[in-house]
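Next up, some structures in structure tokens.
Below, chain A partners chain B and then partners chain C, in two separate complexes.
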Partner chain A sequence: MTTLSPSTTFTYPRHYNFPPFFTRQPQLTTFHAQCRKWSLLIQAYCRFHRLFRLPLDSPLFTNERLNRRLVPEDARAVLDFMRSEGRAEWVRGGEERSVAWVWWRTPEEWAGIIGDWVEETAQKNTVLTLYELTEGEATVSQEFHGMDPEVLQRALAILVKRGKAQVFGQEDQQGVKFF
Partner chain B sequence: MSRKGVGLAAFDRSRITSAQYASHGNNLRSSHSTSLATQLSVFRSLLQQFAQTHGKDIRSNPSFRAEFARMCAAIGVDPLASSSGASGKDGGSFWSQMLGGSVNDFYFELAVKVVEVCGATREENGGLIGVKEVRDRIMSTRIEGGAEITEDDILRAVNTLKPLGSSYSTLTVGNKLYIRSIPKELNTDQSAVLEAAQLLGYVTVSMLMANLHWPRARAKTAIDDLVSESMLWVDKQCDEWEYWNPGFMLEVEEDANGR
Partner chain C sequence: MFLKSIDLTTALRPSYLPDEVLLFVQDNVGLYEGKSKIPDHQNGSVYLTSHRICYVDNADPRKNSAAIDLKDIDRFEFYAGFLKSSPKITLIPKPSKRSSVQSRAVSSLGSPSRSATSSPLSRTDSPFRVPTTEPPPASTATWICPICSFSNPVPSNFDPATASAHTPLAPCLACGIKPPLALVLKAAISSVTNRPPPSSSQFSGAPLPIRGRTDLPLSPSDTSTRPHSQSPISNSNGALQSNTRASFQCPRCTFENHPSLLSCELCGAPLISQDPSSGLDNSTLRAESPGPTLSHLQLPGIENESIKLSFRAGGEKIFYERLKGCMTQRKWLLQGAPPVPRPNRASGTESGISWSGTSTPTGERMKTVGIAGLEQRRLEVQKNNEIIIGNAFEDLEALMASAKEIVALAESFASSNGNTSSESSAVANALGLVTTKDMLGGGSNSESLYITELSRNLAEFLTDDARGVLRKAGGIISLVDLWAMFNRARGGVELVSPSDFEKAARLWEKLKLPVRLRQFKSGVLVVQGSDRTDEKTIKALLAWLSSLHSVPPDKELAWDWQTFGRGVTAHDTAEHFGWSIGVAEEELEMAEDRGALCREESDEGLKFWENWIDPDQSPSSDQPYNVI
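Then we have the complex of A and B:
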């Protein structure tokens, strides 16, 4: 049910086949360069697969062909780096830090996208269920279609704060009204 | 009908003759130089004409450009002679006068891109990057249909940076040309390690010990120095740690795509 994608397999960047890419570099500046490369790769990977959460044992961190693996401890360091960039966040701020939100679009950006869509389709003052919003026929072509419900809540919370939406209803029967 | 003079007049005559020879020589020389000057100005205008008609080709066609540069070199014209160069009394380089700066600009623009690439990759390669990689990176960011550039162009562009007193220079390690963007000298051991790392893409301590007949400590020191300069990346997930040339980041995939 996802939108059509131009290619069906994710194209890894060349440095994904560079063996040291999977070893935390001891030199700090080199490690920084390495983190930037990982950050871009993780965002591209999650965007391609429409992943919102990335666990530290994601297949992305293992290159089977090279028989190399970015161990969870180092992957955690990379995600901490992304956190400092505003591109990742630990799920539930958990102490275990084993799954992270990857913001290939930040909640603010999602809020903007949803807001624009409401505007474009003239749906102000209409009420939509959250289910309709992300799973309904009307949004199939939208980027936020099939979006993670928690991320949706975060994006809507931002719209609420801006006075552009109101969320009501019970747990799984929630609706939203846009202004 | 003349006969050899034996009297005093003979001295006068020989003086007159040599004076005549000299003046004739002068005439010849000056006519020669005016004709040379004419030829040169004709040549200049032809070259200018040529450069103007083919300005687009010079910019867009790398082999054409290289040929043009070669032709200029053959006749002793440095197309990139900077306007601040000592010989330029007329301000503006020969080239910028001729081409309205378009070839000059081509190299200056390229130089800016080279600086960008060097700056963007300095963290990962310690300021030492292969000319070929610079070219590949610049080409990969170009829009399709953009002008083709060659390694030769990159080198010319780097040379245009010289008047800025910048730290950009080229250096050869092994048989590969590099651009160095930080003023850091490599010692001979470090050069030897980098050279070795060009072959397979990586080196190990024992490889250096076996091939260069170095004691372990020497190999370790040279490698550690390069690692601390970001010029080598370490892969610890193998029997013996491998130290990789970051330039291989772009090359590893060429024989192994499909993942």
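Then we have the complex of A and C:
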């Protein structure tokens, strides 16, 4: 699975240039379709730019060429829809809801990927620091390289729950041992 | 035949003859012939007009509707009802020896050519034309003195067209009281009606008959294809006239009475009663109708059986009163009356010229061709109009007598101004042909009957091709607009209240009328043809939108217009389809609601697009963006 598209700029889907795409559709079926399209677009966009958090004022929501913009209110609705799909989560819930995690890989998937990597590289029963895991040279080719530390924490927490890893250490000095 | 089949309008009401005026409507009426019920004629509405009594069946109106010409009715009797027996009105036809000639003539005309008997006044053509004939011998006209009931001859020098309040009138021969002008005027006109034409070919060429406000005047060729159509009627009228005159001998004192008198001038014995006796004699010859199986509309020769109207939901009293009034007024006699003779006939060179487009110009006409002829003609028409208007407004009676001319004049004015929309229709409507509350019978359901009739009225109004209300509004019109238009067309009288209007509109579906009321999501009520469905509207919208793909935009667009086309506002849509903006908004939202369109809100306002968002609705298969 390729993680990075060969081109250096993100190619928007065709409907990104369809003006009504930026207006919240009142008709339910249409709105559902609209949300699905936005969801796929946001995931693709975040994957391309390796974004884990997406603020509501992201440039993605503004189409300069068309001079159209998905207003934050509607973007929030789209992200709420993604949340129901399990593809997004609010960084801080409640009233604030201005930045969302975008799970173009869900924490479970991340956990699986990390676990697979550990197994492939035969690093079971070794201790790695979290810094090593995301920023170390050994993981440059891996998808989780440069991962958001919070996302990593959540992925590791899942591994811990499965009994495949153990996290220990202080705040920024954390290490992880895989079993 | 006594009962005749009739034409119905689109709204399943009887279509009226040109001068016919609706007087009364009552529903829940059944028909009897003699003593037995007529099958399939047991639940319907009865329309009393100035000329006919029409029965329109509720179940199958197109098949089972019939009419009785009032002129064929000799007598009518009232039966108040007893216990379970409903009140009834019995209509006794004129005896065959008199009515046969006439009814045969009428039935030979059939419904399509019924118009041939209509008024010669053409409302679209020049309304005034000179009869090509000489004025009728004045001696045939008589007026009945309102004081002593003596029938006086109308003076031979009396010309109805020029007569004014200053015309000297001879006093009554019996009592010496001077008659009112209107009386003599009416007598003169009705005598003109009954006068046989001197030459049928001449006569048939002159007037273009019209039939009802919906129909166009018949083309000249149409008229010429049945030149005979006028003559049998007129001849039969003449025959009837002479026959009547001969037979109206008082049975008691043998005084020769005038046919229009109801009782003998000398001894006061009722004159009418002699006819039914002969009529009843004839009817006894016929075997009793064998019950509900009789197919009586098709049987020839059954002419003297009386017809009963059974009023199962009341209304018989008013019906009876109105019928009585109607039989006394005898409006049908005016039908087919030539227009009032032109006053300047005697003024020399113009005598005998017919303005009718169908008649060939006479030799005299040839002399004044070209601009001079046109000018002369215009001048004459002007003079004519002056006289008619002057006469008509002298007093109310005279106005009623010359209503036809005035309406024709008003319409010709309206059309010459190029303004045929609301004004002329208002005039036509002011003369009746609309149901008003006082025309409807009593009983517990008079309100619902009114609504039903209003509903039919409305449907007629909407589907009237001449008016084209729906067509002009792009096939759809909001109920409020229609209400305003309808009330305006009623000419400010007998306005319809909004709630009645809405109730009437809601009845369309139930009455199976060709229009329907539709409610948009927002609650707006609109009216459209019943054949117009949402699917058709959406199809039309989508077809239009997809046609925009191939139209290059006037300015550079940021999006791929060849793929997505363009967004349209309600205004664009209204313009394209001829709808009102409110309707366009509603239709667009309806299409959006069905998922066919999607919306775009921007600085430029709300626009609607083909739905490229929902892959199920996209005009062509849209590739969903796949990330995985």
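Following the convention adopted for this analysis, the second predicted complex is superposed on the first by the 173 of 179 C-alpha atoms of A that agree within 3 Å, B and C clash if a C-alpha of one lies under 4 Å from a C-alpha of the other, contacts with A are read in each partner's own complex, and residues count from 1 in each chain.
The criterion applied here is as follows: contacts are C-beta pairs under 8 Å (C-beta built on N, C-alpha and C of every residue); 3 or more make two chains touch, one makes a residue touch a chain.
Bear in mind the structure is a predicted one, so any value in this text is a computation, not a measurement.
Trainee: Should chain B and chain C be called a clash or a fit once both complexes are overlaid on chain A?
Mentor: On the superposed model, which is not a single observed complex, chain B and chain C clash.
Trainee: Answer with first, second, both or neither: which of chain B and chain C does A:22 touch in the superposed model?
Mentor: both
Trainee: State whether A:178 touches chain B only (first), chain C only (second), both chains, or neither.
Mentor: In the superposition, A:178 contacts neither chain B nor chain C.
Trainee: Going by the contact rule set out at the top, does A:103 touch chain B (first), chain C (second), both, or neither?
Mentor: neither
Trainee: On the A-aligned overlay, A:47 touches which partner chain: chain B = first, chain C = second, or both, or neither?
Mentor: A:47: touches chain C, not chain B.
Trainee: With both structures aligned on chain A, tell me which stretch of chain B collides with chain C: 6-14, 24-32 or 240-248.
Mentor: In the superposed model, chain B runs into chain C at 240-248.
Trainee: So which bits of chain A does chain B touch that chain C touches too?
Mentor: Touching chain B in the first complex and chain C in the second, residues 14-15, 17-23, 25-27, 29-30, 32-34, 36-37, 65, 67-68 of chain A appear in both lists.
Trainee: Flag every residue of chain B that touches chain A in the complex, lowest number first.
Mentor: 121, 123-124, 202, 227-230, 233-238, 242, 244, 248-253, 256, 259
Trainee: Please name which positions on chain A make contact with chain C in the complex.
Mentor: Within the complex, chain A touches chain C at residues 13-15, 17-23, 25-27, 29-30, 32-34, 36-37, 40-41, 43-44, 47, 65-68, 104.
Trainee: Provide the residue numbers of chain A that touch chain B in the complex, in ascending order.
Mentor: 12, 14-23, 25-27, 29-30, 32-34, 36-37, 63, 65, 67-69
Trainee: Residue numbers of chain C touching chain A in their complex, please.
Mentor: 558-560, 563-564, 567, 592-593, 595, 598-602, 607, 609, 611-617, 622-627
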